[in-house]
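Naming follows writing order (A, B and C), and every chain is counted from residue 1.
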């Protein structure tokens, strides 16, 4: 019965054209529709196998490296869990402990850590124009190393959040939507409201909302984004979202208020972020090491944020969604008014109502990451999955 | 021959009623006698298998997480060793690296790190009234997550030392006593003197002596505790010890001097701790962030400690023990007079005489931890052990 | 075909007398010629198996511990990779996190971390007269623990760089030379110029040049060392190099200039180091905690360094090597003039020409470390390798 269910997934996978082997996974919009669907299917399969107490180990040995240039709990543990489940050992490159902070070039270090490495997961989301660039530098370095015979295998670089996209998050969210609506096809015509929300903190990355609008527009959804004046997203990503919408039969628009975005929305994603231009200024000030400029910028930005304290997701606004029962989503942790801060992104009542739903949403991430690693590292993924399913190994003795 | 020996252990295990599956392991006195005996038997079996070069791996994959809110060497490495031997991958939740220090609720984090997690080991022993409470919060959070479908499996929380008990230590000590006297039954009627000892440091947790008196009173031992005026242990644990003693045919009393506790003792456990009331004050001051109050308290406490410099375990006092050859025990590291400090818990001569015995005592800990994990995670532990023994896998190629 | 090639290596190994089991690996000159050759052969075999996508896992479970008392990227990741490939779990002993920094004796800690441990890798290269001594203390402690029944197995201590030698680096370099010249026999009569090079930093360990002259003199090479007045190496190591040279038909001499050392050299190894006497002074000042003395010493040392800015490996000097095409080697990271510093050890042009060669050189290290662990931990290494090859396990599903 269970085996039959697994075989159905295998059949669906066989129909897809998957060209992810030995490649990096940096932006969802660099992946074909088939590849996105393959990630979702493999992640689902892994999740079901885990639930059934079965192993989906795919490696005898091999190393996974993570580089976290920003704090992380859930992505860190999702990555660790995924690597462990696949059979890889995990080593974190802590830039303070290593010599990388002492003038060593990215190019050299990338090769030095990669001799027996299958995958390098990177979070670098702090500086606009920097994070994704850094990932590509690492990718180019290991590509050269592989081509010139330094490395036996070319590890894949996986984006664990950069300045532009947060693909493991948006794919996690996509799985939540698929589960909620029953299938990816059922996303067609559904409205999602992605709205800026007030937060007492400053400088939150833009990659979460950008990831959502760049991915959900590929499934025929009607995506409405709302933010206060000045809180723009990166123009290039807006272009991607528009293009996707026009190609996939959905729509993409920027509106002026949470209310407009929530109106008859099936899903809402209220989340704070810093204005694009502020992030640009910050990167400049940081590169000049202009400490007082940075303090000024933060002060100005917080004052500006405070003008939009009413951009909170509360019960009143939730009533505007379809039948007042739209799905609330968040990548966590949320700034919850009266819980984690005085005033924040979401009211206590709304959050509590959807709290377990957001936990369940997060629960897809380890499997999304495992699926991405699997698809970038295993040359014939469908055959390999077949072997894993047939093997039918229990996770415990 | 070896296999026969293993089978004897299996037979003994079969007689026990074990209800530890999917539960937490927080206080020894929350476990039945059978469960305590099961931990000891499984730990012995694992230790013998390790000595014989055999694997007792029980997991194909799976994650173990440790949260150390206080320094640790031996428990940290015991946990790491145990997890590795069982086949689990280890991830440490470093609260500085993660976002947990930034207002994220325990409830949320507990679920976020647990999607593929089998066990969460926690050390939180610094603040009276806090450590054990925190462990129960984490346990309640994953329980909710499991019941509401967020988690496929509910990880077990294992107490790696809290403010109340240090179960992996007291069980380690129990194994040392079993080895020393030949069987658990032979502990009956034996006297153990648990005595406060002078230390130049301040604020050592109470959980080690509390763990000892809470556990050894269950084996019919005569437990004498001695400490200077004011160095009380938590009243509730004293109650547990008294009740245990009356139920198991031993005795429990608080006496006034090391000499009285050592008199005809078969075992002595001289160890420093902070007074219960001082620890309470400290927790209060810390919660108010009263820095100067804390400095004052430490000063006052050290002055008070210094009045009891003669509470040292030395040759003269050891002569009072049965035939002058009572067993000296310590959880390590000890404050050794003239070695690790000017004056401390134990004289150089006494410690050196028992040094290797204390090392051997510590050597039970990885196996105790492995046994606890095994019994909380494996639904049919006896069948599984049977399979592991029959498998007879060498640890090396 | 591939299996045949592996069998050739096995045949070569069978001819060697290998007595490394259960021993430490601290200085190459404490190992016999056969043992050095065995490390090279096993490392080559592992590298070929990795390239072929095959597993050389040798452990079911077991722990490897690393202690890094100095920064490290490439050795850290080489060690992590090697442990993972062999099937060992890795735990780093971070002396800040543990209680080791708080007066606990090395003897005790060494045992406390070793109950299920196969290998302890140590980097301790900062203080002359201290690093290697510390490794031996750890070795003596686990030896005592093993003999007195505290430990079931005696873990091997592996030197990951000390004040005297850097064996995993010099063996890595030896593999690069073997590959470059076709065989170890072809090293005979080849000239290698090991030269001091200018660096804007201070206090680089002497162990890299010392490791090279202590090892390469055993293969009949003609080793020339050049350094400015006062930049002496440890006299005992110089003696080792002289003795090796006289026994193995090569030569060893100290010359006065890079030019002389590079003249008709087949290989050059230009690398900065601190003068022996300065390192001795530094250790003394540090033990007295003489902060101002240390500042003075660094200042004086940097001023002195600056007198030798022309000790750079540049195109002009490289022309002096055999046919102007001598092999440039470096342990990385190099101080590259105009790249990682204003002026440094090597010109930009020379480094870029050999950059990928130095990367490939570094690529031997994980396999060297794996080979050392294998040979110190597996009692019958040739039989075990036979089993691993016959097993023919793919690294991926």
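In this text, a residue touches a chain if its C-beta (ideal position, glycine included) is under 8 Å from a C-beta of that chain, and two chains touch if they have at least 3 such contacts.
The model shown is predicted, which means the values in this text are computed figures rather than measured ones.
When the CA atoms of subunit B are superposed on subunit C, the rotation angle comes to 120 degrees (nearest 5). Shared residue numbers account for under half of those found at the interface formed by subunit A and subunit B, and the copies are therefore classed as meeting with different residues.
Subunit B has its Cα centroid 41 Å from the Cα centroid of subunit A. Chain contacts: subunit C has residues 57, 89 touching two or more partner chains.
Looking at the complex, you find that subunit B touches subunit A at residues 57-63, 65, 89, 91, 93, 97-100, 102-105, 108-109, 111-113, 115-117, 144-145, 148-152, 377-378, 384, 387-388.
Taken in their complex, subunit A has these residues touching subunit B: 50-51, 55, 57, 68, 71-74, 76-78, 80-87, 89-90, 332-333, 339-341, 356, 359-360, 362-363, 365-366, 393-397.
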